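Chain nomenclature is as follows: A, B, C, D and E, assigned in order of appearance, with residue numbering initiated at 1 for each chain independently.
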């Protein structure tokens, strides 16, 4: 009962917000003299837990490191993380719990499209920041000028669309392909890839050819590959995630068919050549950060790999860097925002145009008043001798 | 024409994958009339165990295979003892739900124990292909076709001719009467769960080179479901026939039909067959005596 | 006739969920005897048989079989000891053939040749089963299923046979035959039989000793010869009464 | 002049077996007609043909001048032909009252929509159903089992509930499949009284299958004996019982 | 036998079994109406989901509990309702209209799905509904110009007669719909339609011999169940404000079946209990996860454990409760334990607790003793 009057007041206010969206009300909570609380929710048990688990680990590691180096203006970071099981219903409840019970300052690096989009209005109407979700959905950074609360959304996840366009562009330029095709996963992610494919071919004046799809979790790609082969494709864009990508290139090899394969960020991971072996040789890929290997890494990346292994007993992967970077970018800009950290001051810091450089050789992250998507460039790599080798950094498909 | 034949062969290989998983469903259903929703997860567990034996411990493939089969047989019996035995005799619906719970538990445990990365094992079949003229068939697919065929024959004979096999069917048809005949019903249940875990384990190991070993491997069980139903749940040759039918349908529709048809073709065929034969291709349709 | 009880129930109480079915029943089945249990519907006759064969767990009391306590034992173990039960409602394996049903009856045995011979014997008892041996049991008519149920129970070569309404749904001719078979089994093979039967006349003609049950209690027990003379039995179970209004007694 | 109920040359085959082979008979209105015969002679199959759970391979069933051979089971019930089952087919999880109310189904005229909104019409009909059911319960003395789930009733009472449910259908022709099986002498006696009462007081024509010859003799107007799916003898109870074939195949010496 | 002797022919007209029951339901209604003013928005949100799931639970109860038909494809009906809402809202159709529209449309689809059910039983029917659900998902995905395909659709905040509904208003909307659905379900169950369902569930043969058109009632059961689920879909879509095809997957359908298994198949109360359980179990596990480290810490302070040891133990505890996937492990275990120890569902437990109090102090635990149960083939039902 202690706060029932208060909460009734808050409720009335909430109803007010819902009724009159014009007035922007940013709210600051979760900051004490000693602590900043941030919240996240990811899939740790459902269909995309192979992303959620390492990403959460990465976040935990980053929080530890930030705190070990003295915190942010003397305040320690505290991360509250929940397992939403890739269920938007749970995500809504958990977000609400993070906001109301844990009183988090911001939601940082929540994962998945449906699972971030469903609770997003809640976060916005509470006047809190929704930062760097691990999804490329446009809703997470696109701003409607009529809605001031849209300024609360920031994203720095390199859109699949961008990486795929760059990958296709580079692939076609290199291989002089005449008939590029695409095979894509039939879901929201795949949609990004097909858009990129269509737009890039249009931009390069190359006619579009075969487009085939498969369902998430498919194990058989014979008919898709056979179809593209029969259509005479000479370049294949893989709008798929690691396992399916390997399936596709393996079938192609079995059928003695060797077009140029280009992939984008979901497949631009060390697992791809590791598991796919010879079949993946020569594949071109584009991703947000450089691929690192434990035995060849140096400097901060090496420290990161070792710290990660020490903390969780497993090897770090690309997914872990996404979570790690989320917290690091937050810490970076919170530092810039100064001692008086509020939602407004952090927005100001984020929009200041200052850049953040990660330790993995990724493109610099910076936001502005009109652009809340913090990343615009990517890394191009190619598989040589079973490993990703960086071909070029800081690239973009835009001319 | 060559494309067509190649697609059909690919479809058969794919269909045997479904058939092999479906066999596990059918076994338990035939002997206990329970649909085991944890079948896919048990298969996944088998695959992860094989990873530990082959990749982590570096054992010989065949030896590891044997070891894996034995451990899964024990685990199958343990699962039966812990989850199914206490609710023996409850309505099937409840038992089915309990197997869903079991599936969740296995999936989470596997995630906690083996992590979430994709894993790979080297097998004697990895990468090899068999060529007949210009037709190609991967050796790992061939191994699945052979194993599925073999298991089908063995299991069919087991249920058709052996005393224990018939007793299992008797138990599923009337548990009370089975008790009255002195059939050790509980041991039958343990045995069938062991058997089915063995089949699942074989499926997991044979599939590993094609699909890798990962935490979502269990979802493949859902894809094998229509195969089992199409054949007539409870019929062992039916599982194989249903699997191959669906494999070929998927393969051909993926090649010849417009986008999107491949994924639903199997279900459309399934619905069509069920409307024509409500008990599936090989199922028996007994009239109720009143 | 030896005076040794092969099966002895002492003070047994059983219930179906919330309903108490039998309340403290004691009953002896002597070696080589046929004992009949009479009683109205709901008196608890079937529950006694179920409690013996381990399908119902008694709340109280003991059951001794050949001097060994068997209450609350698993039903399949009870069968292995030599107690076979022909249940109420026939309880077929509906999708197994008649022959396989019989083979399941001999599940606890391993002597293949003897089993085959016994199947032949059952076919001789009930020739219609031979005609139908490859049909699934679910397709048999009610009476044929009853024949199969009895044959199937005999396949385990029991020492004690529990018969729950063997004449249910059978034609008058078959009822006579079945009771003849029961007598033969008892006389020739020494099987002790506990018989629950609505056809009281048939039961009392066949059995040596009888128990009369009312609402879960034994109200009378004596040799059948004496029971037939009792007025109560004559009136209620043999229907040998005047033209009284039956309704009043319900 | 057509009979009240007529079965003409009816035949059904299961696989190679002819279960009912060219059987014909007719029943007059108000009659109690009994079918006897050895086990497996096709008595229950004949019942299933009449109530249209099975489809005959040949022949016709004519009820009140209408050929009902092609109707569905529920339409047969709708014409006023109700039945009981040899193995008891009650709705196990429901109470006696609910079972009997289901029997009243064909007297409901309300649509599902009206049911959902529980319009006055539904309410009125419900009360009427309840009244009818209570009357049947009074006749068969089932009041004390009104709210007991069927699962908890002894076999003999279930038999009576099944008859009661069939009566609730408000039948003109009632098919009883072995009404006395599993009943003791006293209960069989009561059943005989009820059958006569149903026949006399409610004017229901009864067709039954029965093994208890004392019951058969007591209530039947005419008896048909079947063997191997064929009619063996037809006539009064005494005639049939003294028929040498019937004695040999069914009654025993 | 029960204490109250029922003789009135009007008995079936009573909505509640007794005065006392009516009183308690009145209290419950009052509590629900007061809820938004008492509890925090987070709990209100949970309550909204509970209401939506309760509606679905009632739909499942009518289909499976009452009519004995299986469906593991109900997520598709939820999806159809949700998309009807999203698309209608896009074209400016008012909420009350599309609430009814979605129900009617989904009901129609449900009727069509019921047609194959006329010939299918048990597992075959279950798989047919599963196939239907997959096909619906694929149609939604492919019909891009209407459904926006995989990108999904955003919904505007719900509005009633031009007034935007805040969280309070939306809660009352859900509450209202739930109450109406429950009343409708009660009416169905105590009417000829409901008895026809019951008859089909227990014995189809006998049902037909009683003159029940089993085909008609099976499709009716599907239609009613689908219509109710579709209505819930509208509320679900608004609550989540964003929908996409992958949100209506098999696991959602299985959740729905779980509602009635856990709650108890045979009563509407069970459906509501099941809904409460399915929604609340996750928040509850979260609370446990958050509280356990605090509790162990307090406990160790209380027993004055040496600092380094305490810190190691504490780290261990934090590690265990924070282990990824632990929650779903526990959830799986809860389901298994539940079915083992509570085969009649929460409703069964409820009845036993009530019996305990009614018979106190004469309650005999034996009357609740688990009996041996023996399964029979359901293939020839």
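Quick notes on this one:
Heads up, the rule we're going with is that a residue touches a chain if its C-beta (ideal position, glycine included) is under 8 Å from a C-beta of that chain, and two chains touch if they have at least 3 such contacts.
These figures come from a predicted structure and were not determined experimentally.
Here the chain-to-chain distance from chain A to chain C, counted in touching steps, is 2.
Top-ranked chain pair, ordered by C-beta pairs in contact, is B-E.
Central chain (C-alpha centroid nearest the global protein C-alpha centroid): E. Taking each chain's centre as the average of its CA atoms, chain B and chain E sit 31 Å apart. Chain B has its Cα centroid 36 Å from the Cα centroid of chain A.
Centre-to-centre, using mean CA coordinates, chain C is 29 Å away from chain D.
Residues of chain E in contact with two or more other chains: 141, 205, 324-325, 328-329, 372, 374, 377, 379-380. Each of the following residues of chain A touches two or more other chains: 45, 49, 53, 186.
For chain C, the set of residues that touch two or more other chains comprises 16-17, 55, 94-95, 138-142. If you check the complex, the residues on chain E that touch chain D are 1-2, 6, 9-13, 184, 187-188, 190-196, 198-199, 201-203, 205-214, 220, 224, 266. On the chain B side of its complex with chain E, the touching residues are 29, 32-33, 35, 83, 86-95, 97-98, 100-105, 107-109, 111-112, 116, 172-176, 179, 222, 225-226, 229, 233, 260, 263-264, 267-268, 270-271, 274-275, 278-280, 286-290.
Across the complex, chain A is touched by residues 36-38, 40-42, 45-46, 49, 141, 149-152, 154, 157, 164-169, 239-242, 244-247, 251, 279, 282-283, 286, 290, 322, 324-325, 327-329 of chain E. Against chain B, in their complex, chain E makes its touches with residues 70, 116, 119-121, 123-124, 126-128, 130-132, 134-135, 138, 141-142, 205, 250, 254, 257-258, 261, 265, 323-326, 328-329, 331-336, 339-340, 343, 372-381.
Those residues of chain A that touch chain B in the complex are listed here as 45, 47, 49-50, 53-54, 186, 211-215, 217, 219-220, 222-224, 226-227, 230, 242-243, 246-247, 254-256, 271, 274-275, 277-278, 314, 317.
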